[in-house]
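Read the structure below first, then the notes.
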Amino acid sequence: ADGKPDKIRLDYAYYSPTSLVLKEQGWLEEALEDEGIGVEWVLSQGSNKALEFLTSDSIDFGSSAGSAALVSKAKGSPIQNVYIYSQPEWTALVADSESGIQSVEELKGKKVAATLGTDPYIFLLRALNEAGLTAADLEIVNLQHGDGAVALSKGSVDAWAGLDPHMARAELESDATLFYRNKEFNTYGFLNVREDFAEEYPDYVHVVIEAYEKAREWTIDNPEAAAQILSEEAEMSLDVAKQTLERNDFSNSIPGDEHRDTLRNSAEVLLEGEVIEADTDIEKVVNELVQPSFIEELNK
Amino acid sequence: MSLELKEVSRTFNGTPAINNISFRTKSGEIVGLLGTSGCGKSTILRSIAGLDTRYYGEITINQKRTKGIQASIGYIFQEPRLLPWLNVMENVTFGLTGKKINKKQRGLDYLKSVGLSQKEKLYPKQLSGGMAQRVAIARALVTSPEILLLDEPFSALDAFTKMQLQDLLLSIWSKYQTTMVLVTHDIDEALFLCDRILILRGQPGTVSAEIVLEQSKPRLRGSQEMATLKAEILEILQLERGEEKSIQEKRYTV
Amino acid sequence: MSKVSEEVINWDKNKFKRNKSFLSYEVIWMGSIIPILLLIVWEVLSRFGYFPTYLLPAPTTVVDTIINLAEDGSLWGHVGITLYRVFAGFFLGTAAALMLGGLVGLYRKAELLFDPLIQAFRAIPSLAWVPLFILWMGIGEVSKITMISVGVFFPVYLNIISGITGVDRKLIEVGKMNRLSTFQLVRRIILPASLPSFLTGLRSGLGLGWMFVVAAELMGASQGLGYLLIAGQNTLSPETILASILLFAFIGKGTDWILKKLESRTLHWQDRIVKS
Amino acid sequence: MSKVSEEVINWDKNKFKRNKSFLSYEVIWMGSIIPILLLIVWEVLSRFGYFPTYLLPAPTTVVDTIINLAEDGSLWGHVGITLYRVFAGFFLGTAAALMLGGLVGLYRKAELLFDPLIQAFRAIPSLAWVPLFILWMGIGEVSKITMISVGVFFPVYLNIISGITGVDRKLIEVGKMNRLSTFQLVRRIILPASLPSFLTGLRSGLGLGWMFVVAAELMGASQGLGYLLIAGQNTLSPETILASILLFAFIGKGTDWILKKLESRTLHWQDRIVKS
Amino acid sequence: MSLELKEVSRTFNGTPAINNISFRTKSGEIVGLLGTSGCGKSTILRSIAGLDTRYYGEITINQKRTKGIQASIGYIFQEPRLLPWLNVMENVTFGLTGKKINKKQRGLDYLKSVGLSQKEKLYPKQLSGGMAQRVAIARALVTSPEILLLDEPFSALDAFTKMQLQDLLLSIWSKYQTTMVLVTHDIDEALFLCDRILILRGQPGTVSAEIVLEQSKPRLRGSQEMATLKAEILEILQLERGEEKSIQEKRYTV
């Protein structure tokens, strides 16, 4: 494993502000320039796309929600999580303020929009679980994130398991209120690498993580500028971008036990929903997925 | 029904096809149009039928000036124009309205007249050229129109089928007193059927001669009288073809 | 009738018969060659690990998935509701296309008024309609069926217009000489004459209807083949995706087969060349 | 030539001329009535808050968005790359449809072999292909263009076959009597005779090509109208969604207009009825 | 090129159209086929041309047994069958190969022969029935085929255009010694052009009489000899039509 790749392919995504900052600042290109290694940026429109690109060997590093990475890993995709780009609070339960819905318990018998298998969906199930309800107690309508916002404001559904930036915008520009928030139920932003790549070029995993660390620190130091970048890249208004950024916690970037716990808890819900096979060895999957070794080596 | 054309002209994209055609038919008269290929015979029929309205001049039917499709005109086109998705019987009864059983009976009668009984189930693609033309003839006759326009109706038929259908036409004429305009290339046919023959000439076509036949119908085929007349007509035609000099309208009376 | 000609008749009849039974056998047999070959190649490649199963499971796995769906009964729900939506959308879309296509095909005024707008709408992707439809019609069956009918509409509309403008003037004149009203002219001449084009439009439209199912079932469905596909994509389970693809292919082919039969039934009058 | 007939000529020519200039004016004018009405209704409803602006912004807002895109230059990038993909996919898909459609339309063997499979594929939605295409071809331009060509393929294919089977046997026999080879027969008789159907297929196919752009640009694009649409959906900015819809409609209409012109150019020989 | 049919029969869906047709033509001979509508004349021509191969029996061209399209057969169909997307000139030169300029010159020559110079830019929809038929004639003649099959080529034409084209046909025959099979309903035409006339009868059609004309061409139109022969032929035809009894083959020699 002493070779070097021709180029490194990373994704960038509007749900990962650090990736936008990194792409904008060009630090990775700088770091690799001397070795003659190119950098290729690919836009991911969502976690599932990022994972699709990863597993089909279209990119080397991909950003996804932790739960999505877990599902993918459980299905056998050769990926590892080497870095946490943020702890976002990107999902919450949203209702129209006029509807008077105040708590999760009130959802009983109501229609709730969520996108099957995604973080908001897991969030919803966990919230229900906590409130002593199950999916059978209400009607979950499968709608894409954006369509859920429309359906909510149209009154087609009573509540919506929202996702930023849709949620931020709905909050800012309409009567939507986030009636249930829980940062713990969000499954973090995972930066995943293909196992092949990690095995063959461990050094370059370090290089990428280093660059990401630089971007993370810069984002913490320059929230205004970061919001500017986000709003420009994703063509969203500055207010929405700021709101979105505020709900991201960039303090911890090392994959660890808290992440494993969240994944285990998510796995329970996913097993129940038959999104992952009943005979999956969750413990093994979680341990194989979460690989703090690269960043730990780097920090040494 | 009487029919009159007054100075009818028609141009296609700047090229005149007929020029100042005028004639008049009494009710129940059979008028023949003779003329070289491309001189505008079909164009005249289309104008009378109302299928072509971009002519200059005036066409009156029963003293009423008209433009556009007229009721009770039957048209036998130069080509059979059968509807390929209908079988022979359905093609023949296409223009009939009323009870199905009556339509069928009428259709069968006329199919028999044109010598196509037992062929009613065939589709147009299974017909010979002459059979298709006969179906088209039956289709036009079966509605008993008051004015009948015939564009070389029998040209695809052998001598005897032709004679038979000429007789059929005459019997229909004597029954309904149908006014007819008959385009034909067969001088014998014109002499056998028509009360008046117009000879068209040139491009654009103009009426160059008008022959009135006063002998009553049915006439004898191949009589001596006819033969002389035929020779005369041939001469007129030949003259025209020979040179392009203007010929004054002549009126022959037999 | 002489002896020879009787022989000729029998010979002809026999040939016809033989051809017929021979044909249906041949049709099925030859039609299966390529799909079966593809399946075998796919199965073998999967078995030998050329395609990793987390990306492209073997056909047997996919068929297993379908069988599982069938056994727990949910398959019929998926297929049934989607079939219902497609058929409803198909009829709606076809009816609208017939009306508008007829108007635009027959009247210059209608063409000038409607055609430009319709042609502009034709390029808008199904996914783009989704938020608008939710906004206008909510997330019930209405919006789903309307979405599918939008897909069906365009090819049928285009083919109707092309069919109408292609009708031979000579045949229309026959109708006119028989004093048909505009409506009768359409029903008795223009429609049958443009039938080949219309049927092609129907087949194209039905295909597009199947394609629009996904967009339709993005609008709050909890059952259906499109839902299955989306759920498969969201839960990263390729066997569900492939199962839904296979079902789309099979059922789509089935519905198309019906139209194709209808086509050969109603177009027997065409004077076509016999293929070699 | 007499005086009257000369008059007739001039009159005819004048009428022709007048019609022509009158027409193009009328065409634009009448074609705009309905779109403009719709826009006004939309604008008014938005202004009066019937549609909440965060769901359906007023047309003026949408146009502003487009103007902004144009000013910061990114519009040309989006439009350019999508146009490139659609055109490349259109040519590829048409070429494939011509080849396969020709084979299937002309040879019974080819029909039996290929047609069933192709018809089955026709019902598979564009989104379903996305994961497979990424798997087979990665996320470069190749997979995007291929995706679009898949969309273009089917309607063109269907219409070619319908066109070929609809060619009058009588005309093909003319070709045969002139000893044309199969290839010449196709080029000199079958293709021109089935041109109306083929052109309808092209127009249908181009429309579908535009629709498949979204699926294509789901495969790792960072520019293009489909990208704009998806990005608009992902970042919940309805003005971007609507801007992309408007652009789809305009540019789609534009490309269709080219084909429509081509159609009326090449089909002038059709003996059609003049519309009232 | 010589041509021979041996016991050719053809049935359509169980209905026989022709039955045991046999005849032979020498090279450069013109054979006429006369018969009632639907008796199978076009079917015979289609079999010779190879457009229809599902017949029983044997067809030999130049002593070679053949089935399928043959080189250097020209066919004038019963309908014009012009390609609607080509203009007159392109239709006429459709079967020609070689340099464009040569093709055009040949096309112009033949268009002039059929009386259509200056019409080369028109499209089929702008032609009259007779003009379309003349374009079709020019299209078949322009390739100078060694065998020419003509299915009622002049039926849509007026008397004089018809004569002109008959003369054209004869001039081509004398130049190239083309073997021709001519289907016609015009007995005068058959007598003017043919070396032998076959009269078909019934449905399915069979050869009921064969008339050999030994007078050399060009012949005089309307001569006394012709007139007698015409009467004779009419009698044969009439006899057949009158009743369906079998007529033994007769050989008339003039």
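All chains are identified by letter, namely A, B, C, D and E, in their written order; residue positions are counted from 1 within each chain.
The criterion applied here is as follows: contacts are C-beta pairs under 8 Å (C-beta built on N, C-alpha and C of every residue); 3 or more make two chains touch, one makes a residue touch a chain.
The structure displayed is predicted, hence computed values, not measured ones.
Visitor: Which chain pair is joined by more contacting C-beta pairs, D-E or A-D?
Guide: If we tally the contacting C-beta pairs, A-D comes out ahead.
Visitor: From the centre of chain B, which other chain's Cα mean sits the farthest off?
Guide: Of all the other chains, the one whose centre lies farthest from chain B is A.
Visitor: Could you tell me the distance, in whole angstrom, between the mean C-alpha positions of chain A and chain D?
Guide: 38
Visitor: Roughly how many whole angstrom separate the Cα centroids of chain D and chain E?
Guide: 48
Visitor: Let me have the rounded angstrom distance from the C-alpha centre of chain C over to the C-alpha centre of chain D, please.
Guide: The computed centroid separation for chain C versus chain D comes out at 19 Å.
Visitor: Which parts of chain E, given as residue numbers and ranges, touch two or more other chains?
Guide: Counting only residues that touch two or more other chains, chain E contributes 79, 125.
Visitor: Multi-chain contacts in chain C: which residues touch at least two other chains?
Guide: Expected reply: 55, 131, 135, 169-170, 230, 233, 238, 270-271.
Visitor: Give me the residues of chain A that touch two or more other chains.
Guide: 52, 56, 144, 146-147, 150, 154, in rising order.
Visitor: Within their complex, state which residues of chain B touch chain E.
Guide: Residues of chain B touching chain E: 12, 34-38, 41-42, 78-79, 115, 126-131, 134, 151-152, 155-162, 185, 187, 234, 237-238, 241.
Visitor: Given the complex with chain D, which residues does chain E contribute to the contact?
Guide: Per the touch definition, chain E meets chain D at residues 49, 51, 69, 71, 73-75, 77, 79, 81, 83-86, 94-95, 123-125, 143.
Visitor: Would you tell me which residues of chain A are touching chain C in their complex?
Guide: Listed in rising order, the residues are 48, 51-52, 55-56, 68, 71-72, 75-78, 113, 115-118, 140-144, 146-147, 150-151, 154, 156-157, 275.
Visitor: Flag every residue of chain C that touches chain A in the complex, lowest number first.
Guide: Interface residues on the chain C side: 52-55, 130-131, 134-135, 138-139, 218-222, 227, 230-231, 233-238.
Visitor: Any idea which chain C residues touch chain B in the complex?
Guide: Contacts found on chain C: 170-171, 173-174, 176-179, 188-189, 192-193, 195, 268-271.
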